[in-house]
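My structure is below; once you've seen it, I'll send some questions.
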């Protein structure tokens, strides 16, 4: 019971304080509209169907980018985590590349991919790539080498070795990467959707920001928060299932 | 020998192809200046002293933001990783908050913190916070509970327990967080330095982008890559020292 | 070339006497109707047991019969499902004065061997740490990572760590299972001499019947979650395996263990 | 209530015969001038040894004398610093036909007990897995996580896993160290009966002298990185502890072990 | 064969936003087998990025972005311009500010969008009042951020264009310290990708014709246009009304005088070191003899 309610206490307290602050005039409602005003704006957007359009567009972009970038990150992480030579060869480059802000890359991305969906997909993939890569890589390195040795001497090779030993051992770390990426994909959309978009929550938020529609900016922010929660529930469910053997995750 | 050279092969190959592509006219140098042109631009910026000014300003901001955000993330990660109740209470909120794109927060940040260094510091801290938090939290959860039990029954409590058992056990994961944050702090600066900055690499890059000075954008990108490498060397050194007991890191 | 030779004389030295928490007498323990279940699995049931202060108890029993579970309950690492345990001190004090050597070595991989032994001890105890390491024959391995040790060496480090604390209640869960016959005898006499000197209460789980007889005042046979036999060992110390009484007792005990499963 | 009773009849069943890789004869091994060093530490030195196909070898020796190191070299998990090992097959084939039971159980924590035993086996081997689990007395624990098992139970799972493969060379590193006397005897007869039936080569490290005598054709005493004694055991099988010859051999061997450190 | 006309636009550009909403161009061009594709950009510089790599054929921006684009070597031409709208940009001060005139700005913090039309306005306004650009503290912020800083009082003044200026006046009672009237022209430009303009002069002319008609309609039907635009831009109707009333919406062909004014701006930006080299604005003209706009 308490466990069900407790997680919602801080958000509710924050919302309550915010509403109070606006109601009592400590905060100008023009600077920061009250939660109630944000709610109204949300309802209007929802009723007009705009909200769903944005959400749908962004969700598609986010998931596609996650699949591509996360997939590549995972595979490269497997590679560098498993083969010392690959690590020596690639890790430096990847560490350099991932440090490049997507925002700075936009001119080059437009150059390579134009201004269509491909460019947005690339940006999301680019950003999502790294947490998956880094966590997979470290996950694999942290698997108990005794267990790998044992499995090898029991005849496990290649795919069998990975699916039975290395991946399950790296899983706690890989799931951290997934959790992180699931958040990052939304964050990157706001960057990607500054490249000539017509819809999407990033577009909606930045557009509203441009026209000083603070209530819609806040709708965007709350939407991001809710999406974060959804991704989190998903990640927790995966953890709960796949790590049910792990005493730390019970 | 091979191990020293191999990491530099991919970057050099990329640069070489790029130079070739421009020299042979496959790529218009208007769209993408040759590496040599970028080098010239770098030299000019370096000679005029501008580069060092930007670098210095950004470095200060990045490190301060890293210290604040990373520190808070670490502490909260300790808290939620160590106490089930704290996890229940805070984790949901944190997972929601971290999903908010810094770019969408800028108007609110300006309202709260003005347009000075504080605002920039906040944005960097905000972004850096999360990887540190998440990795610390998961690192602590993944420490072998048998070792903690043993240490407790040998009279270790509080600080001693953390410094001798829990933190060293969580360290591989925490260092992943550090590595990630060290990259992210630069990435966030590009967002933070759109707020009324007069210097900084983020400022330099975005400013150049605004004015379509692709060569300077590329200087920025290369600079980010180099800074990524520096952060990486630092992180690797830490790993090499602190994880020298760990067979996976040798 | 490693030198594993064990220093026999050191165990008689007296500079141990004025150490932290070393009380002349151990804890006494009263257990009533103790039960422990994991889900449907009832591991301990209605177990009664009383251990006198300073007594040396050995527990033998079949694999999986609940020995480690009982030790964990006595060390307050787990809480009973039913029944209760009483110590001669408050539970908190009792916990502080108890040290347990687990069945697996549980060495911290990120600490050197000597830092592992030093766990929970202060700076002043450096000499003790060194001494204990020497007693278990690992004085020249103090600076190494635990991962480089052999199975038996790890176990000896864990033993050194448990012995370095001078607890009032020492719990040993198969402390010598991975050791060869000779090293085993040396470790037995190390444990015995410390026990004689410091008069702590000792609870030892072992699968080696002669080890139980060599060390314990009383041997408990655990089966089906209950104490099914309670055999006092009234031999003079130091005990010798060659002794007729010793051999006789060994035979009786072994017979009880080997026949037990046929009884029910 | 757990039931740990061990099914004695099953070990005689014949449905094992037509299984994967079960060849009538084991590997033979020739070792010449073998040496292994870790840094400055020379663990094995100039070791010569030849093991016949289908032979049962027991190795005894002091803790840290290099037994596990030798086993790892034979199993090709590590490479020698000097000297060489030859198998009757190519090294690759030999590796494929070798199974080693490590000193620590090395169970995969994310797999259930029966999946752990099934490691490296195909779908068709389900019956074998079940049978092996039953033989080690854990048939009702197949679905559980390894972390819930007791120390001895984990060891038995590891044993079941090693025995499920019918290798040509079976290497056992203290396979029964955490078991009580009764279970131990049962496991010994399990190992022996499988060996008799499948005729693999077996190399066993043990600290229990009577275990070595009960199982081995030949007992090697390892000391100082060399084989210092090579004692053939010419007793008929099944061997009984009560036997006079058995007891005599035990005495001799124990004497060698206990006096060894005084010799040099 | 079918031609696709890719028009880049910003929501803030009323003329294009309206004509898109009304679907006039699609209808008109359907007859000539020309498809119209609208591509939205958050601001002028991004639009020029698109133009530069050939993802956009035609766009509408303020006076500053083309100068930067030309300095960066982008391949575009000036296709037409919107007659001066000097009242559509201004220096704003908070309603309770004690700044009385432009000269009072000495030493004060002034927010502006770096390298935009208001940057030029500020320089010229200061010049006219006997101040140097270095006499004030410029604070570079994009409009949305500047508004927040302005409301919070982090800056003393804000140089900004419409509709942001109108919004600040209507919503927070910001006062106009000085509009561009009498100082600079504030023109906007229709740009076309060079090869597109060379290959399709007819399409371009027709496009500008239609825009001219739409512009005249807006001027005549100010209120109605504001009502249409308000939900599209997400601004209150009075704000939009004020804002569009201060633009001329008068689409005209490029003249030498217009380009000369652009050259002034370019030279000023060069002095401010905003562009790395001197540029010749007339280079970005379609060769004389080809008409680039309707009447």
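Note that the chains take the letters A, B, C, D and E in the order they are written out, and that residue 1 is the start of every chain.
The working rule: a contact is a pair of C-beta atoms (placed from the backbone, for glycine too) under 8 Å apart; a residue touches a chain by one contact, two chains touch by 3 or more.
Here's who's who by UniProt: A, B = Aliphatic sulfonate ABC transporter permease SsuC; C, D = Aliphatic sulfonates ABC transporter ATP-binding protein.
Note that the structure is a prediction, hence the values are computed from the model and not measured.
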Once the contact rule is applied, which chains count as partners of both subunit A and subunit D? none
Return the distance between the CA-based centres of subunit A and subunit E, expressed in whole Å. 37
I'd like the Å distance between the centres of subunit A and subunit B, where a centre is the mean of that chain's Cα atoms. 16
Here the gap between subunit D and subunit E, centre to centre from mean Cα coordinates and rounded to Å, is 85
What whole-number Å value describes the gap between the mean CA coordinates of subunit B and subunit D? 51
Subunit D residues counted as touching two or more neighbouring chains: 104
Mind pulling the subunit B residues that touch 2 or more other chains? 31, 106-108, 111, 209, 212, 214, 246-247
Touching two or more other chains, which residues of subunit E qualify? 49, 53, 144, 147-148, 151-152
Which pairs of chains touch one another in this structure? A-B, A-D, A-E, B-C, B-E, C-D
Show which residues of subunit E lie in contact with subunit B when the two form their complex. 45, 48-49, 52-53, 68-69, 71-75, 111, 114-115, 139-142, 144-145, 147-149, 151-152, 154-155, 274-276
Going by the contact rule at the top, pick out the subunit A residues touching subunit D in the complex. 146-147, 149-151, 153-156, 160, 164-165, 168-169, 171, 245-247
Residues of subunit B that touch subunit A when the two form their complex: 3, 6-11, 14, 31-32, 85, 88-93, 95-108, 111, 130-131, 134-135, 138, 141-143, 145, 172-173, 176, 179-180, 183, 186-187, 189-191, 202, 205-206, 209, 212, 214, 217, 220-221, 224-229, 231-232, 246-249
Can you list the subunit C residues touching subunit B in their complex? 75, 77, 95-96, 98-100, 102, 104, 106, 108-111, 119-120, 145, 147, 161, 165
Subunit D touches which residues of subunit C in the complex? 1-2, 4-5, 38, 41-43, 60-65, 67-69, 103-104, 148-153, 156, 173-174, 177-185, 207, 209, 224-225, 254, 257-258, 260-261
